[in-house]
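Once you scroll down, you'll see the structures, which are given as structure tokens.
Below are two complexes that have chain A in common, paired first with chain B and then with chain C.
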Partner chain A sequence: MPRSLSKDAITTILVTAILIWVMPLLTSTYTLTVLIVYGMLGLSLGLIWGFGGILCFGQAAFFGLGAYTYAIAAINIGESTVPMVLAVLVPAVFAALLGAMMFYGRLNDVYLGVITLVVTLILFKFINSTAGPQYMIGNARLGGFNGIPGFQTLNIPGHPDDYIWGDSYFYVCAVLLGVVFFLVSALLRSSFGRIAVGIRENETRMSLMGYDVRARKTVLFAAGAAIAGLAGALFANWAEIVTPSLFSLGQSAEIIIWCIVGGLGTRLGPILGAAGLAYLKFLLGQQTLIDNTLITGLILVLFVLFLPKGIVPALASLWKVSFGRRPKERIHLQRRMKSRGRING
Partner chain B sequence: MDLIVVILVEMLYAVASLILISAGLAVVFGMMKVINLAHGEFMMLGGYATITAVNLGVNIFLAMLIIAPIVVGLIGLITERLVIRHLYGRLVDTMLATWGLSLFFIGLATMIFGNTTTGISTPIPGFTIGNYQINGYNFFIIVVAGLLLIGMLTILKSTRAGLIARGAMQRSDMAAALGYSPDRIYMATFFCGSALSGLAGAVLAPLVGLVPTSGGAYIAKSFITVIAGGPSLIAGLFTSAGFFGIVNQVFTFAISPVIGEVALLVAAVVLLRLLPQGITAKFFKGKL
Partner chain C sequence: MAEIILETQGLTMRFGGVVASDNVDFKLREKELRCLIGPNGAGKSTFFKCVTGLQTPTEGEIYMQGVETTRWMPHQIASLGVGIKTQTPNVMDSLSVFENIWLAARRFHAPQQANRKTQEIIERLALGSIARDDLGQLAHGERQRVELGLVAVGDPWLVLLDEPAAGMSAEDVERMTEIIHELNKTAAIIIVEHDMQFIRSIAEMVTVFHQGKVLMEDHVDRVMSDPTVRNVYLGKKN
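After this line comes the complex of A and B, so read on.
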């Protein structure tokens, strides 16, 4: 990567600032807020799948866990600062335990996918069956299929009565996404991030070089879960209710589709994929002619068949081919894209 | 005494239904290494094919055992030609493409049949053992699952078609050198796998209220069963379905159906952690 970290920071701040200024002119901040939340969720899987090579079928589990942790803690505490922190920590710890179990057992590929899928299902089934009054955590009733409504939403830290909502909530989410994006960039630029990419490319070689592959994968997995948990808490604040459908397989599927469509191995791709597809779904939801699920499915199939690298890498290579100055660099880039294509395949 | 008989029948039934819902996937995934996440939707389509045929006045057994497998098999054939044949050998891509297909089929079924529950009544009446009522249809499912296993074993082991299919799956280049077209063999095998999924969906249709999203209920269970089964197709199917079915029923009778389901999933996670290559990678090695 040619640019330095400080340049990265400046770009992130500039782009975030411009987008925060421009986007509300185009559509309502209420819609934009959820797009940002989905973008963050997309980024969480984009980090562990695109850079760590861990295909997690249950990213929705961490998203839902974050949302439920926030809701339950907010009801019990009545103030939003600690619940926000818990909503990041609980999924991260859960993912660290789950990841340790999987990676120290040297599970790979399909088995990883199946176990994360199954864990999501277990959570979904469990939460769905907690409708009775005996399922309480502190003062919070889990509510089973109906979910948990009516919890304390985000407030200014220390002032439980000053709620952050509407436009200001949009700004909070946008800035948080910018911060997370920058942290992810910093992580990938650090030696930890580079080694993670190395593990994605060739696990055996990295372990022969003396790196503890299992521990590193576990930590990366937990970091992804922490981001997903934060997105879950933000979603809970936006929707003002949490339901078991956050854990559903459909939700997990959507996250994977966002990453594929946006582009794996990029930071921007999953965010754009998530926001773009969620907005498309929002638009499609306003008509009744064609079923929404059908189109989502079709998009996924077509992308896997014709554009398996995703939009952002395709656009980037198109840009380089059209405007790249030095042919040397172009060849280098093409080679890099090729090797990237190989790990995707 | 009566209770023991009832529990035994229920256990057999749980094992049989696991075998049934996993057989199609076992062929498609176990033999062809295609991760078909649209498997549940193939079953859902089989159910709808049966219900439509019965509503048109076809005999229910004819609809379940003949029409549904053929309809779903043909749908699978079209899918294979259009999508899956471009993705052989690309494990993750097939997984994603078939996930897209599953969403596509759910959307399609919602558009055609609507988002409401449909169903047909079971054709076999229940009967009583002592103080307990047993659903007679459960026996039908046990018999179908048994016949299915025997049929698959016979076809794969002692017919020429089964031999060719197994050979082509192992070394497609050798099969091609001997004059068989791997492309066609893959196509035919995928047809058989989809037809088995359709059959399973059809046979289970009278027991469940069918909605377009019904497939999701099967997919996880069938996946767990096939993956935990490991490399041998039929021995793996039988042992893992047996194990999970029994775990499920023990916890269902001891605590509650929800805990039974959760116990099955937890057992799967533990089993995969201990035997990541599946049961038959360690036991029954080299058997079919």
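After this line comes the complex of A and C, so read on.
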């Protein structure tokens, strides 16, 4: 087990390093940063949905919660280290409570979808209605639909005046995505991850084998929210403003589409799906001929119809068909020929 | 006399006006093999579901090794060392045979030990050639066998099987019988079954359910020749 884990680590480091080197040659690091942030957000849902079977319609809630937690904490503290940690913890704790309520209440998938959706809506409506001056948390005004601008952005830990921005911020985000990706890989290789996949496959069976499905789903749900929260904080630092649109239903729907297009049940799929579709949206945003939500919808429909498993699984099976099987078959064939020859001879 | 490891007292389950299980008193001793038979709707499966925690009985108590488990969840009951196999194959279809059994083993053992236990079971059940295949692609009989493997790998002291022989070929049933006898060396077993052929080949003590109640409890030969049982269960042909 540790050997395969160190293999994972080496692969992740290599791929991350190459991408950090190559990608800035293709487009600006400013655009790339937000693609990475969306990739991380995609991965957060890819983890709980693709491997835990929990379809959460409100992943945007944790994303927004992370962003707002960061902004509010940064205004109050004036240094970015603690706010970054809080931006991971607050959504995780919130998700743990929400998840415990849903999973211990034995709600089925449909109600789970409805509740997560409604929670997102409530947060959206609530934050939207906090424009008045009475809505303060410490020194931070929530600002309603105007959002919160002008908070302390990421700085070198302990040096509030040394901001990390521009290219260096891109490197920080890319490395963080690499780290999160590795942690997710490690989680999935661990017993906890394998049991989570078992629960995705058959909850009843797993509970008949003695696993407390409710507790395990709650923990996984919280882990997904923690990643989404981190992505939210990184987004806040990139945009330098947080607005209620982070909690919007459109955002939640988009995360789900990223996962479907990229490929569920893979780690890479949701990241690629997120980055790819977000980049497409960015390109489409530069023209006015056609509305980009139409294109996103069309892509979703086409994928569901023709490539329901998503890009990454499709590529993986294509790889298997063209490179994976053949040598093995050839060896088989050779062996068979040899043994036949032996019999004949 | 061996110790009583499972006991129900006045177990009753009502669904609205229907009494599916009516005041059932049931006792099972250590390493006993017991078959539950009865016509459709006799309350066998309801009894099974109440004991395994899949349903909560309306009234009555359940004791396992002296501990009351009446309102326990299935995972708590399984954690006691009770192996459960439901009526329909209940397995993780897109995972390999190895992974399925490993997950069951991991509940009671550390990862390395779970690997070893899994190998052991795979050899014992002759699943070696299909160990890396996804369970969803396998034949019904093989899937049933894997599910028995899931149960066996936890070293249970009580095994509950709901219709293990359903839909299986004669050869598969024979193999299943062997496995059950093997399990019976260390565990008490309750089998809910329809297949009379299978019952005759395996049973010693049989409990007959009828309209939610226990109609009779005796050795298989006496049960089979009992006129009341023949009336309710086998149809009236004397």
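Here, the second predicted complex is superposed on the first by the 321 of 345 C-alpha atoms of A that agree within 3 Å, B and C clash if a C-alpha of one lies under 4 Å from a C-alpha of the other, contacts with A are read in each partner's own complex, and residues count from 1 in each chain.
What we mean here is this: a residue touches a chain if its C-beta (ideal position, glycine included) is under 8 Å from a C-beta of that chain, and two chains touch if they have at least 3 such contacts.
Since we're looking at a predicted model, the values are computed, not measured.
Once the two structures are overlaid, the count of chain A residues touched is higher for B than for its counterpart among chain B and chain C. Once the two complexes are overlaid on the shared chain, A:Thr81 sits clear of chain B and of chain C alike. By the touch criterion defined above, A:Ser317 reaches neither chain B nor chain C. In the superposition on chain A, contact of A:Asp212 is made with chain C only, not with chain B.
Of the two partner chains placed by superposition, A:Thr16 touches none, neither chain B nor chain C. By the touch criterion defined above, A:Gly198 lies against chain C but remains apart from chain B after alignment on the C-alpha atoms of chain A.
When the two structures are aligned on the shared chain, A:Thr31 is found in touch with neither chain B nor chain C. Across the two superposed structures, the residue set of chain A contacted by chain B and also by chain C is empty.
Interface residues of chain B facing chain A in the complex, by the touch rule stated above, are 35, 83, 86-87, 90-93, 95-97, 99-108, 110-111, 216, 220, 223-224, 227, 258, 261-262, 265-266, 268-269, 272-273, 276. Contact residues of chain A toward chain C in the complex are 1, 191, 194-195, 197-198, 201-202, 204-213.
Within the complex formed with chain A, the chain C residues making contact are 52, 54, 73-75, 78-79, 84, 86, 90-95, 99-100, 102-104, 106-108, 111, 150, 154.
By the touch criterion given at the top, residues 55, 101-102, 105-107, 109-111, 113-115, 117-119, 121-122, 125-126, 129, 249, 253, 256-257, 260, 290-302, 304-305, 308, 344-345 of chain A touch chain B in their complex.
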